[in-house]
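Going in written order, the chains are labelled A, B and C, and every chain counts its residues from 1.
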Amino acid sequence: MPAASASSPVPTLAIEGLTTRFGTRSGTVTPVDGVSLSILPGQILGLVGESGSGKSLTGYSIMGLIDAPGRIESGSIRLNGRELFGLPAEEMRKIRGNRIAMIFQDPMMTLNPVLRIDTQMIESVLAHQDVGHEQARAMCRDALERVGIASPDERLLSYPHQFSGGMRQRVAIAIALLNQPDLIICDEPTTALDVTIQGQILYEMQKLCADTGAALLWITHDLSVIAGLADTVAVMYAGKIVESGTAQQVLGQPRHPYAHALIASAPSRNPRGQPLRQIPGMTPALINLPSGCPFRERCERATGACRQVPPLHTGEGRTLRCFHPVDVPVGAPA
Amino acid sequence: MIAFVVRRVLQSVFVLLVMSLLVFVGMYLIGNPVDVLINPEATQAERAATVAAFGLDKPMWVQYGLFLQSAVAGDLGRSFAYSTPALTLIAQRLPATLELAVVAMLVSILIGVPLGLWAGLRRDKLAGRAIMGFSILGFSLPTFWVGLMLIMLFSVQLGWLPSSGRGQTVEVLGIPLSFLTLDGLRHLALPALNLSLFNIALVIRLTHSGTQEAMLQDYVKFARAKGLANRRIIGVHVLKNILIPIVTVIALQFGALIAFAIVTESIFAWPGIGKLIIDSIRVLDRPVVVAYLLLTVTLFIVINLVVDVVYSLLDPRVRLSDAKG
Amino acid sequence: MRVATALATAAVDVETPLRRFARAYLASKVATFGLVLLCMVLFVAIAGPFLTPQNPYDLKLLDVMDSRLPPGEKSGDGKLTFLLGSDEQGRDMVSAIVYGIRTSVLVGVVSTAIALAIGLSLGLLAAYLGGRFDGFIMRLVDIQLSFPPILIALILLALTGPGLGKIIVALVAVKWAYYARSARSIALVERRKEYIEAATCLGLSTPRIIFRHLLPNCLTPLLAVTALQVASAITLEATLSFLGLGLPPTSPSLGLLISNGSQYLMSGKYWISVFPGVALLVVIVAINLVADQLRDVLNPRLQTH
């Protein structure tokens, strides 16, 4: 993804070479390995990958929420041009929940069950803005209205377990919006919800993004969610970004074999009566990665050359890490 | 809620009856208390007179029936040894024990919770490990021995604190309390510390594991993602979650405190019901033993009930889902 | 974060469960120390009579002229050195303590074993059979558990009088309910699992299902709890003996030694109370350390890397 040049706007988020390592009893694992991406204001980036690909940890790394035995080893994380890597803890705290907000997967677990909704919302405002209690409460009420929760005054006095799953996630979104962040990181926020609610939440997020001009990093394993939502897409495998570009480019003409296979294996793309396409093998454990290209052992196009780490190709507004990219569109015989 | 309380009360009355029967029968079987009370050289006639006076010649079930009858009226018999109503005897000594137990409970929370919190947050540092090590010691030390050691250190060697008895009391609403006077506090210090030791260890461990578990929860991660200060995360989010089970356990332990006061009161000659029961058991002063047991049974039942009710008030998840009638 | 670590290490474990358990247990230096201490205690308990310079409960050997001698003094006839002093009857403290440890361990282990057997059986039966039987047992258990153990033991011993057998019975009566409840809740979970369903489908008899299939799977979680209960039983016995309601005055018991020695504290003859207390402390700390680590190692939820 091209970084800002003199004529284009400053990206809300620009990550370069981010690497996060964990020291386990059996060795060092690198779930985020040289990740680079950028998001412009008002843009939505979909970060796609299987479980264990490192996508959630990328989100946590941006937030500075990596705890021992992990640490952010190297790389640059720029928020509106400001470097976040290496910031002292107190400075990072001021940014979290304020300029960058995060929405998690399971809203039941992320809201504190023994505290009221208003307590949990107002404290978020008071932590970052210099306003009075009453004003904060008014802001919270407005936020609840904006995410489509009826009778917000009553709802403020309730406890999390009195809400349904979809409503709880709306509350989480409302909390994320309270301080008007520049960037919102969404870590699989619709995975735990019914499909119908999913659609509603997606619609809300898109609208809010357009209204507020915030940038959105949407982390998911579900391609169907990305298809309708994201402007740009990055595909992650075993800690590395293997392909990125606009949604149309990556989803329509994926060039990396993994991305290609992933998109081809979506059931909706399969002609009736045909067996579903699968990617052979299993995701490798991060402690046991093959040398060179991590996808090499499952790739039908791999050769001896793939024992080296493929360099990053950039061009046409997209990036790619592969020695043998696919040139045919998805669906056509390979 | 009401149905729940009523059911519990009925259950409790049943338990009370069963206990009273068991205890009564048990006491009846262990020999004749008269032997302890009467001069061995008394004549047959004098013996018979004493037996009749105490109603000990009637068959067991008649005695039990009489006992129940007067119990309901509030009379639990007269102490053989002291010739005063058993209930009065106990009522006189009860405030001392309750005072001791309450102070011990407060001490264990005030010392245990901060220490446990600290240990839970600084798991791998020296302070954390030291506190947990101390808690194992607190569990392992036999209360009676610690009491003796405390006396040896603070009374005999250092001479700072008195080794026995209760200090000066002040009447509050007709109940003599000693923690309101300096002398009273000095006398209260060692016994309360002794009694609370086990509970301090318990609270430390509960708070420690509670904190550890709480810190792993998603709501803590979310709170950090919101950019809240650490102090608030621990002081509000974590604390509220862990305090509920801790307070519950401690409240339930209150009954155990009263029971364990028996040991502490013996060592420190604290004039409570613990000392009374030991002496009464030794001389087979049946009415007092029975009265004590019934009282403590009632106390435990009440404590359990109160704790259940308060717990449901504290935990919003339980309170608001009133499906459990 | 933890997912990554778990995924990463999943590929590496190829040990047997026993080795893994031993490795996990010994990972803590403190727990290993506790285990060593415990082995020493058990050794003393078993080999005691052969090690001590004197049998302190053989009245013929005692000489009251040797009483209350401070540590390091020799006996009147010069044959014995009282390394830890002597008590008011002229007993060598070292020997008395060793015999006392023997009694403590014996009482603790035997009472726990019996209480476990009874409680476990009743708990399993209650969980498996359900219905009125379950309700009845649990009512009994709840009632008993709402009273502090010391009270129940006190009453029982007041009724029966002191004695070794009686104190074991009292401890069993106090502890069984705890095992019954723990066993029942574990069994209730296990009962729903498929291997029980399979056993039922095979037409195995109820006792066989309960004791050969259900039981072994319920034991492991109870292990740590049982160890802690042994310590608790030992403390209870010492406390009761101290109060004069436990073992008779002529038996070896650490509680009795401490009790006898308490009257001499004021006059500075500390050794009669202090040393038995330290010995008791060592035994209990050892058990607690081992039990603590057992519980941490056997509980999958608490395992953090």
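By our rule, contacts are C-beta pairs under 8 Å (C-beta built on N, C-alpha and C of every residue); 3 or more make two chains touch, one makes a residue touch a chain.
None of these values were measured; they are calculated from a predicted model.
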Top-ranked pair of chains - ranking by C-beta pairs in contact: B-C
Of all other chains, the one whose Cα centre sits farthest from chain C: A
Separation of mean Cα positions, chain C and chain B [Å, integer]: 24
Cα-centroid distance, chain A relative to chain B, in whole angstrom: 55
Centre-to-centre distance between chain C and chain A (centres being mean Cα positions), rounded to whole Å: 54
Contacting residues of chain B [partner chain C, same complex]: 15, 18, 23, 26-27, 29-30, 133, 136-137, 139-145, 148-149, 151-152, 156, 216, 255-256, 258-260, 262-263, 266-267, 277-278, 281-282, 289, 293, 296-297, 300-301, 304
Chain A to chain B touching residues, read off their complex: 63, 65, 93-98, 101-102, 104, 106, 109-115, 119, 123-124, 127-128, 159, 161-162, 172, 175
Residue ranges of chain C touching chain B (in the complex, touch as defined): 30, 143, 146-148, 150-151, 154-155, 158-161, 231, 235, 238-239, 242-245, 255, 258, 262, 265-266, 268, 270, 273-274, 277, 280-281, 284-285, 288-289, 292, 304
Chain A-touching residues of chain B, taken from the complex the two chains share: 217-219, 221-229, 232, 236-237, 240-241, 244, 315-317, 320-321
